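In what follows, structures are represented as structure tokens.
Okay, so subunit A shows up in both of these, paired with subunit B first and subunit C after.
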Partner chain A sequence: MKKKSILLLAVGALCIISTTWGQNAGRVSGSVQIEAQTSHRDTAIGSEDVPSRLLLNSYADFRYDNGPFSAGLRFEAYHNPLLGFDPSYKGAGLAHYFFSYQNDQLELTAGHYYEQFGQGLVLRAYEDRLLGLDNALQGVRLKYRPVKGITLTGLIGRQRSAWDFGAGIVRGLDGEMALNSIFSTLSESKTRVNIGLSFVSRFEDDESITSDNPAYMLNLPLNVGAVSARMHMTHGHFSLQAEYAGKGQDPNITNGYIYKYGSAVLLNTQYARPGFSASLRAQRVDNMDFRSVRSRSGDMLHINYIPSIAQPHSYTFFNLYPYATQTNGELGIQGNLYFKLRKGTALGGKYGTDVHLNYTTISSLDTMRIGGRGTDGYTSKPIGSNREHYYTDLSIELSHKFSPTVKAGFCAGYIVFNPIVEGHAGQLHHNWVLATDVTLKLGSRRVLRLEAEWLESDSKYDAVVDDKRCGDWLMEVVEYHFARHFFVQANLQRCYHDGTGNYNQVAVGYTHNASRLQVGYGRQRQGIVCVGGVCREMPASNGLTVSFITSF
Partner chain B sequence: MMHKPHILLFTCLTLAAFVSCQKIENDSYLRPAGTVGTWHEGVGVSDKNQRVLLEKYTGPRCAFCPNADLIIADASARYGSKLIAAAIHDSSSFGRPLGIVDLRTDEGNAWCQYFEITQHPIVMLNRTKENGQWLKVDPIGGVNDPIQTVLQDTAGVAISIRCVSDADSLLQITVNLDALTDIPGELMLNLIITEDSIVAPQMQSSGQRLDTYIHNHVLRQVITDIWGTPLPSTLKKADRLEAQFEYVWNSANLNIRHCHIVAFLTEKESHRVLNCDQCSIESAL
Partner chain C sequence: MKKLLPITLLLVLAWSPPVFAQQTWPSHITLRTATQVELSSDSLVNRGHPTIISFWATWCKPCNKELDALSELYDEWREETGVRIYAIAVDDSRSQADVVPHANGRGWPFDVLLDSNQELMRALHIFAVPYTLLLDGQGTIVYQHNSYKDGDEDELLEQIKKLAASPNPQ
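Showing the complex of A and B:
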């Protein structure tokens, strides 16, 4: 009944806007996405029969713009959710709707909205369909630009949790100032500086949670605040981005109900000019898991977002052991060097060669335990030496064009992975990875792409942990694009030493303008899927997959 | 530049935001446990036997746990209603699901850590201690003797439970206590939901995985707080108390016909279980 009312309200509002705002009929845009899957039992890879035979996630977005008014809605259906998605998504309905008014100074949004303050250390409401993550806020947001260069944002709402909302109320304020726009004396300066301040607060009702001493309950803070300050400066080829965030006492299930204050520091420096760039990133995160419900773990109801410091890779085996950001404690540093070997040199060849070097290392914090739930938990040193190693990625990537029709890529890397970041103890995995691909243009409408990857690992398969990624791997991919719109792909993966399973997949696809249809069949390896350091478990599957997406 | 009303508005919003956070001083992190449920004088309990709560820590990757299940099933047949079992799937590496069915609970994880459970399968009987250490029994070696030892004790308090469910998934739980002797110290009443006949994968001692394994007595939800809800007062001999609890349960993944509500009374300080009872859920419709 409630959903019907919302739908009627949405349609009614759209009609009113379209009829009252002059003769302009406005513009309707949108997109439709359908992801379907079947899977049957395959003991070799550990996949299960799907009782409903077919799993299907579908999304239909509609947006209407007319002058300063905008409105939109999204219908979602999960019959039933794809493997690895939270089962609470099961069902269908209007998941998202909003109305917005915008002029030069003001932007008002009512309904569902996404938002990010700075890099997200204190607030990021966003959607990632690959992860099954949607923590949109439902409420009201006001953006106000009193003068050029200043944007103030105020918001209040509750977070989406599948078909429900988190019990907590999220309030936020953000101020973003472009100093060169505000002060006329700086308008011509080569140094451009933006600064920002954010404050976010969560209110959640009291509940009964005992301390380690069951005679006592926790005296919970009902309002938990988090504040951040940020700066982004550029000067010629140089840029510096820094953000600090602090979080008040927030005893919650992920930190073991301790009262320690949280903090996060991000630093990102970069020097970039044509053909060369170098960057250095550092990140320290301490007790910064911040959700709108203190007793919820998993992927839902995150208020903030800690960016991943790990280097994203396009080759599959570099992502076999993706790094999941440890929001409750990590210290990392990452350096990147990009340069181009000049044309006409021995290594550069006729077109030049792009080189990318990356080094990332991430560890735990150096901490000392004070007590359990109902205490400050632990103390931590700013850097310290008593840290547990989480992750290392050392890689070199080359990209070279041999001729107008032939180009190739090559990547070699050494990755050290601690399974504790996925929640289970074990030995460090040391992985060597080699990957290469060649793309051949065979005509105006035909492209052949070949890819081969190899991973050698000292990880051993253990039936108790049942991590089917363990062992050594080989992969070959053949991809052929033809007739401008079609492609076929075969992907052959096998674990040839101390592991389990061969994972072969075939896929065909059709792409036309903004539409894409892909049908695949084969085995999908059990593993972890991560986007930006946020991860979800992907169970093994063996069956058909269909993906369709279009926008209009 | 910025107009004064705008400055005022933003200042007010900023101040409002900053007062929207709390600081709790170090000496105020804890407060005495509160009361949940409505207590009043009870009607007494007819069955005054001592019963034993058997908590089995287990997991789908524990290859020897099915052997323990057989032994516990034999014990259940032997001791009948005097033995109440709860199978706790915890966060150890044994507890990670083999398929899409995840039987772990936050409370089970917390108990596993608190009781320092490192071995699976392992059994605790009435959460007792021996020589200052939690008494844990390897069920593969048999559980009948330790159960018999517990049952030989004379019950200090009798307990009974009844539960009715309506169409809105509201459980109305009635617990009766009958003090058979003076019981010094504060007591906690614990209510949990267990479920039988859950079909989910389980490793076997042969090293093979059985996808159609039937899991029984599985801890599914904890109704009270993790360590229970306190009684309004200490119990003196002949005290009779009755409490009513209402609980809206998350029935999405539970089969109500296979569920039991388990009530057990513990000492607040030691967590020792004094007595327990369980009931199936009656339909009020």
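Showing the complex of A and C:
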């Protein structure tokens, strides 16, 4: 607490000093966010009474900018944390503060900071409030741009874990070079190439962990390193992006304390010109769970980020079975095709039609077990054929404007989901999904949006697993915007076969400039909420929700 | 010691009363173009003319609707007011590879930039997309709105026209 207060004083003092540095008084900006929830017992959906009646998360951010100086702090309060949030968030206090100095060549940040090297395969510190994730590093970061086209980053710190920090120390170095900016002979070249190299290391004290034979203790590596190399090349409409990461021996709780080296490869190639584009991605991940504390599982203290190759969707039922990245082993490919059906054609109509086709398939690696704790654990083939199917998504999405006042969207898809990715044994779920929405502009300030979705699944409800997503579903949404700033919405979802209940919600909202207030009431399904392939288990709830956010 | 937080804030505010004056666009924050060229947030200010900044993501349906609407109006608005539009994608590395194919596939005529670890978004205290800002020719944020419904672009045009008609020329 004492250290925190000293740092806070330092931030305040530097803010004041910096006001005298610049020619003007600088700028203060900030935001306030409040999320509140009540919930009561509802046996049909499995929700429970909340002992404190009200749950509330609140965040207040302040930032001060003056010329090259910036400083910021965030106060957070969880009285008590919303359902689904880690209980260790309970409490209130100063959760984030930083001071930074930046000019064209140099950027120095002290305090908390977020960072990403490449695509995040060896390091990504970020915040996602919806999921209750914040693995900000607390320490020092230096960025240096010695010449145009070269950026060097060095950092050291410990990771935030709710109101505490992970025991491990994270050190990282990254260098990125834009070859066309560095070499004048390439400055006019149509081919542009960026390359990057990263190194991240974690130090953690020794601890007593036994091998499979309890008589022997594991000889744990105190320093675990990870490296990555990346390349991004564009030539006209064509581009190619590749990144490889390798991780040293890192016995940890998520891989069963094995000593196998980790690796990840991401490849992406695309062709994109106005009105037409195509992309193809491939990803192989093997034993890449990398945290600042070896004995922690769950959502906290991830040093790296393995992006999910599954396609994000905007319709609800396409996300009923979201895919969570299997950081310790998966192999996936994805293809996308985007094009516009021209105006004036039979399918394009008067305004044209946007079409998006997607195919994704993800499986386990082809592995062979060779031992337990203290060994290399398993061997894996680069591709192999003995793989377990995890996920498939085949979908087509259309967006069409019929007239200046009528727009519509349509999406059809087939999704195969293996419950083992959520840790449950069972059969593959095969889901067919149709979704459509129509938006009608009724006047300058009134808009009506109607949405209907249907999901048919061969999944069967099992009382042991208690997955309340099982069965066939229908959903209707009616949303009406009026008086420029207000909206009301009714969202009705019901399971009409192998019934696991209905989930009806109503909401009203007010949106104006940078502020938004929304009040809702109804049932929320138990399930997995995912953002960017990172997922969180969400318990069922039935009650009131209030959300307010504003910035200044 | 818990009192330090409000005291610090009060000191800062007391020291510099004009700080809550009109919001200015953050400088020195690094963005990337579709071809991975780095550029500083300062360079987005359209010297002498208004700039529309729209934060969006490939998976965000209202964002796509808003950018489709702006796309249809862009040529007309640009001719009339000299406005420039930047669509800043906040997709993380999961869907970032889709940003360029997505924007091209929909035929958007404006510049698409990447804010891959949401640094600019955080500096502006934006937590959800879509989020749209209007900057004047000096980089002052004169209008902003979160979320999107059909017709919001009419209000944006009103604001641009107001800006063009203001006594201080852009």
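The rule is simple: the second predicted complex is superposed on the first by the 536 of 552 C-alpha atoms of A that agree within 3 Å, B and C clash if a C-alpha of one lies under 4 Å from a C-alpha of the other, contacts with A are read in each partner's own complex, and residues count from 1 in each chain.
Just so we're on the same page, a residue touches a chain if its C-beta (ideal position, glycine included) is under 8 Å from a C-beta of that chain, and two chains touch if they have at least 3 such contacts.
Just so you know, these numbers come straight off a predicted model, no measurement behind them.
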Touching partner for A:Asn194 - first (subunit B), second (subunit C), both, neither: second
Which of subunit B and subunit C A:Gln116 touches, first, second, both or neither: second
Which superposed partner A:Phe276 touches (first subunit B, second subunit C, both, neither): second
First (subunit B), second (subunit C), both or neither touched by A:Gly298: neither
First, second, both or neither for A:Ala514, with subunit B first and subunit C second: second
Subunit B versus subunit C as contact partner of A:Pro382, first or second or both or neither: neither
Subunit A residues touched - subunit C or subunit B, whichever exceeds: C
Partner chain in contact with A:Ser444 - subunit B first, subunit C second, else both or neither: second
Doubly contacted residues of subunit A, that is, touched by subunit B and again by subunit C: none
In the complex, subunit C residues that touch subunit A: 1, 4-5, 7-9, 11-13, 15-21, 23-24, 26-28, 34-38, 58-61, 64-65, 68, 92-98, 100-107, 109, 116-119, 122-128, 143-147, 149-151, 154-155
Subunit A residues within the subunit C interface of the complex: 1-2, 5, 8-9, 11-12, 15-16, 19, 24-31, 33, 61-65, 68, 70, 73, 75, 94, 102-103, 107, 114-116, 118-120, 124, 126-127, 129, 151, 178, 180-181, 192, 194, 232, 234, 239, 241, 268, 270, 272-279, 281, 305, 307-309, 312-314, 336, 338-340, 352, 354-356, 399, 401, 407, 409, 439, 441, 444-445, 447, 481, 484, 487, 511-516, 532-533, 549, 551-552
Contact set on subunit A toward subunit B in their complex: 41, 43, 46, 48, 83, 87-88, 144, 146-147, 150, 152, 154, 171-173, 175, 199, 201, 203, 208-219, 221-225, 248-249, 253, 259, 295, 297, 374-376, 423-425, 463-466, 539
Residues of subunit B touching subunit A in the complex: 1-3, 6, 10, 13-14, 17-18, 20-24, 26, 28-34, 36, 61, 91, 93-94, 96, 98-100, 106, 114, 186, 188, 201, 203, 207, 209, 211, 225-229, 252-253, 268-269, 271
